[in-house]
Amino acid sequence: MPTSRLEAFSDGVIAIIITIMVLEFEMPEGADWHSLQALTPVFLTYVLSFMMLAIYWNNHHHLMHVTRSVGGGVLWANMHLLFWLSLVPFGTAWLGGNHSAALPAAVYGVLLLMAAVAYWVLVHAILRHEGPASKLQKAVGRDIKGKLSIALYAVAVVLAFVNQWISDALYVTVAFMWLVPDRRIERRIEAERT
Amino acid sequence: MPTSRLEAFSDGVIAIIITIMVLEFEMPEGADWHSLQALTPVFLTYVLSFMMLAIYWNNHHHLMHVTRSVGGGVLWANMHLLFWLSLVPFGTAWLGGNHSAALPAAVYGVLLLMAAVAYWVLVHAILRHEGPASKLQKAVGRDIKGKLSIALYAVAVVLAFVNQWISDALYVTVAFMWLVPDRRIERRIEAERT
Amino acid sequence: MPTSRLEAFSDGVIAIIITIMVLEFEMPEGADWHSLQALTPVFLTYVLSFMMLAIYWNNHHHLMHVTRSVGGGVLWANMHLLFWLSLVPFGTAWLGGNHSAALPAAVYGVLLLMAAVAYWVLVHAILRHEGPASKLQKAVGRDIKGKLSIALYAVAVVLAFVNQWISDALYVTVAFMWLVPDRRIERRIEAERT
Amino acid sequence: MPTSRLEAFSDGVIAIIITIMVLEFEMPEGADWHSLQALTPVFLTYVLSFMMLAIYWNNHHHLMHVTRSVGGGVLWANMHLLFWLSLVPFGTAWLGGNHSAALPAAVYGVLLLMAAVAYWVLVHAILRHEGPASKLQKAVGRDIKGKLSIALYAVAVVLAFVNQWISDALYVTVAFMWLVPDRRIERRIEAERT
């Protein structure tokens, strides 16, 4: 299977996830400032999830760019990633509606953790397919950012039960850490060209 | 009509179905463990349906790959398949919310049964178009897996009224049976290349 | 603008409309036969709307196939068509939930009528662009089926206030009339090839 | 990154936004004229938002057409635009359901204002990438329509607290101002061809 089909399907799914999240916004009951203010945590969680999904779209795109072809293992690793991402709208809505409780913050973290693990699994499934001398292997290198994200999410899930604001802060931290697109792969692509 | 358009449309519809299923998750009323636990059957049904739809996407993709062109009959056979798949989010939500009742398990089975029948009809509509000496004919062979799925679904629908856990077990069985992508077609494609 | 972009956008919108309709299904309160039976009118309306949208997708595809390029007028005529189609899920849900009332049947008819008119406008906007000697002009001919649909929808809207079952029967009639894809254009395309 | 991927993703997101808006329509409780009439403000807001999103799709398409390649800055500027557009269904539903209140009209205006600013930022991010001698620079020129839109939205947000009908009138005005696709870029493209 050429990577283009998998990329188009993944792009489609991520585009839908990022867009339907807005449907989880519960319509405010009134039309006054008080009703609007009550949406603040929902809005902030929405911003965070939007950023997260945009980052995944971007990194996934870079990843596919250095992948030549796709076998069954890679295909299912990709579906596994999409599965966890597909639950982000649920996690966002639950966290947004219950920002002062521990469990929704932990569940949101579990979703991000599982998505990060699924991404790691996907990268390694592709690496097995492409071989150790591949462009991707050189680009990924030691993958410090990927491993650090997984560690931070795991810590955030546990700390949610101490104080959920710590978890929220950690999620924001990881998002900003990734906002810069994966320069490693970009640099490698440019190096290949010259 | 070239197969590419039909494939793009089908891919789009399946991507949307697989993604909007999350909107059927009813938001838990509380933010405690009890509320989360109550989601377990919804979650498990979600996992099963996600796998089913991913399998359909995958097999549909392989099917289109060995199809050269598409006439009116194939087009409507494909729409018929998408129709039954489009009802999966409804079946998932009803089953997830009523996992200890017989009827939702049976209805879920009817949707899967009709989708499997529709797939079988689609394959044969394409075969009529492509001819008995086609790549697809060789790839499909006696189509034991397809026929077995239809039989198992039919049995599961009936047995739901005896004990709905039997049906659930059968649905999971069929899913795992298909998780391996259609090697027959894959093998045939590879054989053609060499 | 090349037609491919407009076609991809229209395909995407129709794929989303056809798929999100399922979200308008209200989850039955119980899990028994009575609850399921109560869904029958919703289901039948769903089937009809699914067929209608599939027909639009199919005909729209054929239409774009004989169109060479797209100007501003055609673009907005297309958006106008998508606008009315985008309201079909609402009309479907209202009709499905109130099948024994006149007004929802009439409103459903108004949506179909406006979509049919919008399609007619779109065809003529393209014809103005392509010229009277174009492939499309020859294919469309006197467009009896298109004009008849508009007339039947208009009649159905009025007759809904006499008896809504007459309207429902007329909607089904038009759907079956179009189920056969637009042979005129197909024949023309084939004639061009030979 | 080639512009084609960014365009496909943006097209997909806008197609989904424009289509899921219908899900925010609250089903009328009755099936009589009174229930239907109560939907009038929702319908009119829907029409306005549909037009706005169609205009963005159209202009975005023209913009991408004169853009050769896309770096990280442009990519995030584009995501920023999609973020504000993704909130339009929420703003539409809140305004439609509360058309006689000031705040929903102001919030709707803030969303349109932020989207217009995000579009301006996107255009300038591309310009920095393409250079002052680019086709886009010539096409955009002094961008009077873009700046005027931003000014009118800002005024409308403030005036919503005086009388929300003034804001509504201003939103409609801007929509009609843009209904004509961006002739400047179109003219430039045609000039390039000859």
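Structural remarks
The first chain written gets the first letter, and so on, giving A, B, C and D; residue counts start at 1 in each chain.
We adopt the following convention: a contact is a pair of C-beta atoms (placed from the backbone, for glycine too) under 8 Å apart; a residue touches a chain by one contact, two chains touch by 3 or more.
From a predicted model like this one, the values you see are computed outputs, not experimental measurements.
Chains touching both chain A and chain B: none.
Centroid distances from chain D, each centroid being the mean of CA atoms, peak for B. A rotation of 90 degrees, rounded to the nearest 5, superposes the Cα atoms of chain B on chain C. Taken over every residue number at the interface, the positions common to chain C and chain D amount to under half, indicating a different-residue contact. The distance from the centre of chain A to the centre of chain D, each centre being the mean of the chain's C-alpha atoms, comes to 27 Å. Chain D has its Cα centroid 38 Å from the Cα centroid of chain B. Shared interface positions of chain D, defined as residues touching 2 or more other chains, are 8, 12, 16, 20, 23.
If you sketch which chains touch which, the chains form one closed loop in which each chain touches exactly two neighbours.
Chain A meets chain B in the complex at residues 1, 5, 8-9, 12-13, 16-17, 20, 23-24, 72, 75-76, 79, 82-83, 86-87, 89-90, 93-94, 97-98, 101, 103-104, 107.
Within the complex formed with chain C, the chain D residues making contact are 8, 11-12, 15-16, 18-23, 25, 27-28, 31-33, 36, 47, 50, 54, 57-58, 61, 179-181, 186.
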